[in-house]
Amino acid sequence: MYTKSWHSVGPTLDECIKCNICTSYCPVSAVTDLFPGPKYEGPQAQRFREIGQPLSPDHSVDYCSGCRVCNEVCPTGVKIAEINARARAQIMAEEGIPLRNRLLGRNETLGKVGSIAPALANFGLHNSFSRLMAEKVMGIAREAPLPHWSTEGTFGDWFKKTQAVRLKSDKKVVYYHGCATMYYEPFIGKAAVAVFEHNGYEVLVPPQNCCGLPLLSNGEFDAAAGYHQNNINKLLVYAQAGLAIVGTSTSCTLTLKEEAPELLDMHSEHANTLTMATWDIFEWLRERHNQGELKTDFREINMVLPYHAPCQYRAHRVGKPAQDILALIPGIDLRESQARCCGIAGTYGYKKEKYQIAMDVGAELFDFVADQGEDVEMTACDSETCRWQLEHGTNLPSRHPIEFLAAAYGLYDLEKRDLVQGA
Amino acid sequence: MSDLLIIGAGLSGLMAAYTAVKAGMRVNVAAKGLGSLHWCAGTIDVLGYTAEQPNVPVKRPLEQISALVETHPQHPYALLTNEHLAQTLATFVALSKDIGVPYGGANNPGDNLLLPSPAGAARPAYLAPKGQLAGDLSRTEPMLIVGFEGLRDFYPELIAENLTKQGYSARAAFLPKKLATNRRDFTNVQLAQGMDSKEQRALLGPALKKLVRPGERIGLPAILGIKAHATILAELERETGAPIFEIPTLPPSVPGVRLYTALRSYLQGLGVHLTAGMEVLTAKTVAPNGVPGTVQWVESATSARPLKLLADKYLLATGGILGGGFNSEMNGRVWETIFDLPLTVPQERADWFQASFLSPQGHPVFSGGVSVNKAFQPAAENGQPLYANLWAAGKLLAHSDAIQERSTEGIAIATGVAAAQALSS
Amino acid sequence: MHKLETEVLVIGGGATGTGVAWDAALRGFKVILVERRDLTHGTSGRYHGLLHSGGRYAVKDPHGAAECIAENQILRVTHAHCIEDTSGFFVVLPEDEGEYPDKFKAGCDAVGIPCTEISVAEALRREPLLNPRISRVFEVPDGSSDSFLAAHATAQAARNAGAQILTYHEVTNLLLAGSESDRRVAGAMVHNVVTGEDMEIHADITINAAGAWTGKLAAMAGIEITIMPSKGTMVAMNHRLVNTVVNRCKVPSDGDIIVPSHTVCVIGTTSINVPDPEPLRIEPWEVQKMLEEGDKMVPGFAQARVLRAWAGVRPLFQDTYTSGKGRDVTRKLALLDHKEREGVSGFLTITGGKWTTFRLMAEATVDDICRHLGTERPCTTATTPVPGAEQGHYWLGHRLHDIEENRLQSELVCECELVTRTMVENAARRNPLLTLDDLRRDVRLGKGPCQGGFCTYRAAGILHEMKKAGSWEVDMSDEAGSTAKWEVAYLQSPAHNLTSDADGHQSSEQPANTADAFNPNLLLRDFLQERWKGVTPILWGRQLKQERLDELIYMSLMNVDHLPDKGLASPVTDFYHFDTRPTVEEVADV
């Protein structure tokens, strides 16, 4: 067991009553028997694991996608996904991490490097020869929806350049953008800033680094601990000052809140302070709304909008705040997907041996979108990799709910994915 | 903010949600995980056995309950009149049709069905899903119990032998595993999901037809599809010319999953917000003038700050020891985990159990629970509600061991519906 | 009446008895072993699973300590697969005696127990849940042993060498011969518990290896042996909170050792004089004490999920009675030559000792047999690995690894403990089976968190299918020649049980069961009750919730309490109905 303290999640295996509800809802074991299921890999196998065994007892745990549906449905509160994540980390610690997984774990580095010459990087990556080579040499599935580097500059560039027109206010909020917004989708960040400012908040974007989730998912715990500690160091002063640290990527904010501290046994007072200050953006907006502070001067957006709450979003366990807020926008016919998982699960669906599994898992969601009819123009989802997977599986554009909100405020253009002039 | 927050998504919570939303309330359901429907046989057990006659299955449960509540005036069934109880069950039957998982009862209305259990015992049940009805042992057709090689949760030989010992006509047969699945590793639910595919089940009907003799009915493990269940039943009956019935087996329960999935969809269609992964930990209550106090909100665990869930009214349907609504510790203390409601459970471990696991008296620790007044509100001895806006329903109620007497679903439906009626009026 | 003739009759199928049968058979004696229930039904099946390094005796009993370390090293070779090389810690808590740790180290050094002091930081790195307030840690070669597998492997070794192993054969009387001045035990009258048949076994020499029942057996020959049954209660936790044996470094007392054993860890034990070896009650204060003591070594121990409690009896032999607690009486092995002591020849009693020294006890016994029978045959057990030993030491993940490598997930019958269907079938064919409890000992069925919730039904169903399919033929032959099929030493390995023995006859000296004794409804009810018996002393919190689910399965869903054949009972049905419910707390007079 990769455990450093009594607070490790290992003991939640004691909660398991072997009922197999988790296995019945696991989207991965539903489509492949390479993954024997969460109960088997989690609380059951954990009793057979310890550090220093002559052989690793099980590699099938690597097929766990970390979607956390098991946690959600477990009637007794076993933290199955965490047990699996630790088991995977233990295997990695003993056997070493494949180069591909190291690469996929370093989203921030990849983002930075590509951003030096984004057009070239895009050209270099997104052609069939490169993708074929990447699959053959690195095991990165050639069809998997890899993102494009932003050719309009990073989010950080934009934020710096536009400092002069940014709102200054006594009400401040810290924006945690995450790697995807920074390097691939700065428009998400622009929409978020627009929404914050419209509601009278000054946005601070202090130094911050990758949350480390791809490292955690690939079992590189030591590196991930470094990332998380750096974020604690950089953001602590804001958290201590009572500022909310708000993010648009549900995966990142979940990692800051819970996944990093849990998996890495980082429960210091400072780590806890950061946890308690972190918000998903719609969680934060809903709270503003509950306090009567949210501006509701919305324009109509007339569309049938299939919405998928990412499994990492449900793992926040704060309900579905994006739905609650989107429901306030007149004209939106919001259709909530009941699908368990889009399949991509962070870096999982990019791996050659898991790509088809990911697509089979996502079929439930793709079918749902198709069932919503011909009029559907786009879908909505809070997590970046899920959006890319949704686009890949439905051939429809996918947007972050914050883009809809910014558009409803008249500040953002949903088609062009940019702020309206003068915003 | 909602009108009603129901804590717990078992059958009582879901029936309460249905009743309340039909009465025009805005209803939210918060549950720690998925509910107990996933463990049970999928039938509606109203009353199976009495303590006085532990070896004889109850023949007519509603009539028996009239006698039961005379001798056990605190039993949860005593909170409703017999007519009211019948109405709640009728509500369920009508709802089951609306959601596409129709339930029915014995040919002689008011009788219990006697259905074959996965061990071959005759288990009394009041209502069963259509797919199990043809298994009623009061029917006369001889039974062919068919299993699949390699299915570890179903033993047709055992079932057939035990049925035969009880005087029923039954024989067993096996089909190759590939007629059930191509997977190497599976649970019953995954088998059933696989059966939704026409290709997977293509050969099943013809194979059964080869096995069955004229006049027989065919019993199969409960793996006949989730979404396509009704279609599969009809198909198989047509292809074999024989009545088909399912026998539920070890958890996770496929009939339970069908009912849960259909109910949840239907409720969501009516506007109920049902969210799993919401573990309600504590409640904020005030009692400035003593009893009754008021529940201001409850808090659920999240990945960071606890989440306040607000409603006008709250219904506790957290299921007792099995559902997680009660916890217990070594020194004998048993407590209700959210509101710390007083429990009738003995607080000494020496008083908890019988010496025999299968004791017909049942284990006292399990029959204790929350005491409610006639309005389904947790109450003091004199009937005064402890909180003006708190109600309770389901297996957590005191004075019955629902598993022992085989009344789990009956109590869930009756008290879930009645409590919601009480709180919405 | 059926009569069997042999040279050596061993009474008792625990570690000692099977060890004697093995040693004697290897030395070329004709041996029959009889055991009233299943192998290891007695103390050998109810202890905490420790392979002693001898550290616990280093201060008070150097001779015993020396025996332990010598046997420890031998068993690691002869019974490699029955042993997990967990290593052991002796930890010094703030409240432990001041001088003892140094005395401990000196004691270990003096008798040759490898003992290294390691830093507390190192100990915490290896065992993160240990109490951070410990001040010193010593490492010794303790191990964790599987006495069930060991007894099977030893018995198989004996059988391979020509012995006959008869389980479910109860001695009803000793056969006495000779005159007043020349009394002799000539063998025993034995009752086949399953078939009801009686038989006589005539032997040149009879060995009383009956453990806690030694006194009762000797009394059948008019010999008085004072065996003080000292009950020890043990509590198993749902998972391994430690992976190393952890001892308190102080004068041995209650609850000062945690042994990781397969998938659980066991905290033990108490020491209470009881009048009889069976049945045994477990008192609430004992459970509480175990958890409190565990908490001192591993903070938070008492909040972990408790899985099961059981009690075993140390058969403490007293030549002269002294008052005081059981623990103070010697644990030495005692070989009683009744010809010398009471003038009864043909009868030896071997008693006392601990599991770790069973081979040594057997060696001493068979040396004495040689003397009595007038031959000189050297002992070879110390250098003769038993079947299965070539697999090497047990390691925790081995079943998981086997299942993974061979993709046996859908084969699992007991998912908690990773028991496959083929393991169950082979165990049933190879080892005489009366109850599912026997299967539990063979393959660990029902020993995990759900305590038989799912696997009881599956096992009953599978055995019933086997019976119906006729793939369970009864071989009444008394020949020990069909040894190939009695491969009980490999029962616990999924990889060694990839194919079913369906083609072979069940090879054993007795029918596994009659139509009545084996009945799936009876198997179900008996095992459910057997599991209940072991959990009532520890049922609260999470395990209570689990038990309620098990109730839902067996009553609400299966309706097991209304299956036919209610009136049936097996020879062990009553044993399982022993009431182990907690009583009102009493404080022990310590």
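The chains carry the letters A, B and C, assigned in the order they are written, with residues numbered from 1 in each.
Here, contacts are C-beta pairs under 8 Å (C-beta built on N, C-alpha and C of every residue); 3 or more make two chains touch, one makes a residue touch a chain.
Only a predicted model underlies this, so the values are computations on that prediction, with no experimental measurement involved.
Novice: My parser should flag the chain pair with the most contacts; which pair should that be?
Specialist: Ranked by C-beta contact count, first place goes to B-C.
Novice: Identify the chain whose mean C-alpha position lies nearest to the mean of all protein C-alpha atoms shown.
Specialist: B
Novice: With centres defined as the mean C-alpha position, give me the subunit A-subunit C separation in Å.
Specialist: That gives a centre separation of 52 Å.
Novice: So what's the Cα centroid distance for subunit A and subunit B, whole Å?
Specialist: Taking the mean C-alpha position of each chain, the two centres sit 36 Å apart.
Novice: Could you tell me the distance, in whole angstrom, between the mean C-alpha positions of subunit B and subunit C?
Specialist: Going by mean C-alpha positions, subunit B sits 42 Å from subunit C.
Novice: Check each residue of subunit B and list the ones that touch at least two other chains.
Specialist: Within subunit B, residues 39, 183-186, 251, 324 contact more than one other chain.
Novice: At least two other chains touched by the same residue of subunit A: list those residues.
Specialist: 19, 33, 36, 76
Novice: Of all the residues in subunit C, which ones touch at least 2 other chains?
Specialist: In subunit C, the residues touching two or more other chains are 409-410, 454, 545, 549.
Novice: Spell out the part of subunit C that touches subunit A in their complex, as residue ranges.
Specialist: 128-129, 238-240, 243, 263-264, 299-300, 304-305, 395-401, 404, 409-410, 415-416, 418, 448-450, 453-454, 542, 545-546, 549
Novice: Tell me, which parts of subunit A touch subunit B in their complex?
Specialist: On the subunit A side, the touching residues are 19-21, 23-25, 29-30, 33, 36-37, 71-77, 254, 257-259, 275-276, 278-279, 314-320, 336, 338.
Novice: What residues on subunit C touch subunit B, complex-wise?
Specialist: Within the complex, subunit C touches subunit B at residues 284, 287-288, 291, 302, 407, 409-413, 421, 454, 457-458, 460-462, 464-465, 468, 520-521, 524-525, 528-529, 531-532, 536, 539-541, 544-545, 548-549, 551-565, 577, 579-584.
Novice: Sort out for me which residues of subunit B touch subunit C in the complex.
Specialist: Against subunit C, subunit B makes touches at 39-41, 45, 49, 55, 57, 117-123, 150, 152-155, 157-158, 161-162, 165-166, 183-186, 248-251, 321-322, 324, 327-330, 332, 348-350, 352-358, 360, 365-366, 403-404, 406, 408.
Novice: For the complex, give me every residue of subunit B touching subunit A.
Specialist: Residue positions touching the partner: 32-36, 38-39, 183-187, 189-190, 193, 251-252, 257, 265, 268, 273, 275-279, 300-305, 307, 323-324.
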